[in-house]
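For clarity, chains are labelled A, B and C in written order, and residue numbers in each chain start from 1.
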Amino acid sequence: MQIPDNLRYTASHEWVSEPVDGVVTIGITDYAQDQLGDVVYVELPEVGATLASGDAVAVVESVKTASDIYAPVSGSVEAVNEALHDTPETINDSPYQGGWLFKLRLADASERTALLDAGGYQQAVEKEG
Amino acid sequence: MPYLPHSEEDVRRALETIGVESIDALFDALPATLRNPDIDLPPAMDETTLLAHLRSLAARDRPAGPNFLGGGMRRHFIPSVTPHLALQSEFVTAYTPYQPEVAQGILQATFEYQTMMSELTGLAVSNASMYDGATATAEAALLAVRQTRRERVLVSRGVHPETRAILATYLEALDIRIDTLDLEHLATPVPTVDGDVACVIVQQPNFLGSLEAMAALTQAAHASGALLVAVVDPLGLAVLTPPGAYGADIAVGDGQTIGNPTAFGGPSFGFMVVTDALLRQLPGRLVGETVDVDGRRAFVLTLQAREQHIRRSKARSNICSNHQLTALMATVNLAALGPQGLREAAAASLRQAHRLADRLRSQGADLAGDVRFFNEFTVRTRRPGSVVRSALAARGVHAGVPVGSEYRLGNAVVLAATELVSDEDIEQLVGALTAEGELEGREVGHG
Amino acid sequence: MADTSAPSFPTIFERSRPGRRAARPPHFDEPDLAALLGEDQVRAAPPRLPEVSELDLVRHFTQLAHRQFSIDGNVYPLGSCTMKYNPKVHEEAARLFQDLHPQQAPETAQGTLRLLYELQRDLGALTGMDAVSLQPAAGAHGELTGILMIRAYHRARGEGKQRRVVLVPDGAHDTNPATAAMAGYRVVEVPSDATGEVDLDAFTRALGPEVAAVMLTNPNTVGVFETRILEIARRAHEAGAQLYYDGANLNAIVGRVRPGDMGFDVVHLNLHKTFTTPHGGGGPGTGPVGVKAHLAEFLPVPLVVEADQGYRLSEDVPKSIGRMRSFVGNVGNLIRAYAYIRTLGLEGLRRVSGHAVLNANYLRVRMQQAGYTVPFDRLNMHEFVAQPPEGLHTLDIAKALLDEGMHPMTVYFPLIVKEAMMVEPTETESLETLDAYAEALGRVLRRAAEDEGYLAGAPYHTPVRRLDEVRAARRPVLRYAFGDDPGSAD
């Protein structure tokens, strides 16, 4: 189970990258894609939308389930990963790289630092399993 | 006891295996005060008595006689081969095809159904059917609301009154506003559509039988970003321009006319066909094509993440079933008729309806305007529609769907004709209406 | 498209040949369509419907039927579906009434109207409810009807805005939250306790002035009777909520206890379950609703009522929630249910529930003997939940069972049990059939122990083998592709 050190995590299995010019990239973890199984479809937020931390903002579907993705931090949507419409399986193959979901312009940087670090997320996953 | 196989010995053996004294002991968890209440039901009947009883009930119905009834259902030609094939017991006593390896019969038949409905309507994707045309129309409105995120719906008064009533029930629960477009000269005038309207709903042909200007109405909806929902008669689509050709976003309607008996109103089925862009919002079951591990083509329920058993409160609808068997009747029937037979049935319906209209006009009938129609049209009458219908029934003819006062036509009825109506039947109806004094005189049209 | 290494069964479109046809409607000279309809209204290109001879049509759909599992073929113990035998006399019964048109003058439909009136009355008697509507076309449709009536009830009392929540147990049938959402409600789940029943304390804590309704099935979805139902009802009513009965599991108690007596305010029935109207491969179902007197003024219209020397349809329900569907209901199925009730009578229906529960407990014991675990190890009602031995997957066992010629039970429901197998044999199965089912399940386990990979590749002997469902969802192909059109929905 990959859990890169340079990312932050939520207990609901989203990851947040380090900010670059105030913009972070968000996706779901390796553990999450493994639990979901083969991803068949992704519903992404609209570019320009304003999200509050905790809002249900996206949906990742497998054949038998549909998982809500929650905004780990607040901000406005800068970009979404359009390629996922044609190849949703990228989320399974590359959850931290090609399988990114959307980019957010951070409203409040401290929200990110309040999230779990790699070690904290590891513990959370172990407790769940 | 019918259908229950156990002998006393079977029961004894089962109880011993379970380790319980009696069947009643299996119900100890039920509150004692509520057990085995005295319920007033008629005594049990054996099969002979049952059939005699049902026949005596059926004898109080009068289904026979020339039939000119429309208003949502019509009696059309259904060849014997249709029920023979569709009602095979493997299709009748099967469940929803959740184990596709042993359900390719139902799944493939549904894929064929989806294809035929797409062909008839000219739109990309059909679901596997819904309860009826009216609830399908309500679901289409909900789809438009979800898709556009607008909270208002425009519906033509030409849409069947019962459909509009169901639309109101469904939409009122979610505080979605419905505005009704009144008719002019029995058809829907092209409106200016506001930017808060999710969809415009028009029926083609409309309840009064008239043809609507669908292309212009579609343009009016699209001009403000609203969807156009076309409520259509599938048999009419054999000869009428299909929704896909004039740019409709959603086609819905009732499938009874393409292969099910009228059966006093049900079961029939509703259909919904949409553009590619709306696929993810489509409620109801969907069958898709795939392959198995050996590379064989096969069919499976797919995109289930839209549905209630996965999305629960975020499902596109709470609909859990489709009307598989009645949709299958239509599938078989469409294949039995083929494009040629369907066209013949539609053209014959059109011909007989126009022949009836001409005969009535020659007797002085007021057809409430000189409008184009397919196989149903409106006639003004001397007395209220329900009275006329009863008078005709007493003369052995089934005709006269009452037209409500909301249409501001005075007393009027809708008449229909199909390929099952003969020239003699037409004379019988014309004669009956004339004898009842319904066609001429200064009193016609008041009410 | 399919690899040609294993042959595919043709679609009707692939059997089609230009110029062929089967049935012929009555012949008339074709009118001038453009003159009568207007040029702009006439269809340009005909629809590409199949062109087949009658014999080819018959072969196609007969062969398709042979690729379909059914109750008439073999045992089909799906939990909460009540896959009981569908009596053939019901088909004859329905045919007697099939040519009636819903718009006929009511005095020409007196036989059908009387049948429907009696059915309204009998369903009310069986459920202990004061009034019944035959309108809803399915269980989920009945649920929506019932919830809309509860909504109307609260609004009439000025508590509509305040009561926004519906409580459902965590094992509830998935239509419940979807239905609640269609009525504008939010759902809150109540946990079950270790015995499988609703946790009474958690339930009481969840009650409050914002709760409009509590939706329950009894027995519940793990096949266990909610023994505290009278207390649950009392507390719900005290908090001002209405109690809704999901009738999916009525087969366990029909004739022995009535939802109305248990304290329920609204009931929906699934005639395609308890009253053996055919499942038809997925529908049409029928979901009539019954209500207590205080909700009768909200019933959907029309109702069948007595009239001057006969019966008629009435829309005279002043506070009705409105119409739920066209015409009066799925009459063809209502006639079948009527025939069933007349055939069995009260004693027969009591025996139905008695033998349904007997058979379920018998099969539970047999399955336990065959090596399966039953998490709620107590007397169950008409269905029970089981699990395979640790390490095996329910999905694989289900697929292996297909090779035994039998249908699997419901899999992965309810969600509160891991690797759930929900089994409902119904009363119409013999003990030999149940023995054979348990033996087949035992064989599957032994096969799995001998050969690790075997189950994962099952089924081996069905018309098609395991399907690529991921491909079906990722690249949806939802209609046949003619010639050079892509045929894909994407």
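FYI, a residue touches a chain if its C-beta (ideal position, glycine included) is under 8 Å from a C-beta of that chain, and two chains touch if they have at least 3 such contacts.
As the structure is a prediction and not an experimental result, all values here were calculated from the model.
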{"item": "Farthest-lying chain, centroid of Cα atoms versus that of chain C", "value": "A"}
{"item": "Chain ID, smallest distance between chain and overall C-alpha centroids", "value": "C"}
{"item": "Interchain centroid distance [CA atoms averaged], chain A/chain C, Å", "value": "38"}
{"item": "Gap in Å, rounded to a whole number, between the CA centres of chain B and chain A", "value": "45"}
{"item": "Interchain centroid distance [CA atoms averaged], chain B/chain C, Å", "value": "20"}
{"item": "Set of chain A residues in contact with two or more other chains", "value": "40-41, 61-64"}
{"item": "Set of chain B residues in contact with two or more other chains", "value": "303, 305, 310-311, 314"}
{"item": "In chain C, residues with contacts to at least two other chains", "value": "469, 473"}
{"item": "Chain A to chain B touching residues, read off their complex", "value": "40-41, 43, 61-66"}
{"item": "Complex contact set, residues of chain C against chain A", "value": "412, 469-470, 473-474"}
{"item": "Chain B - residues contacting chain A, complex", "value": "280, 303-305, 310-311, 314"}
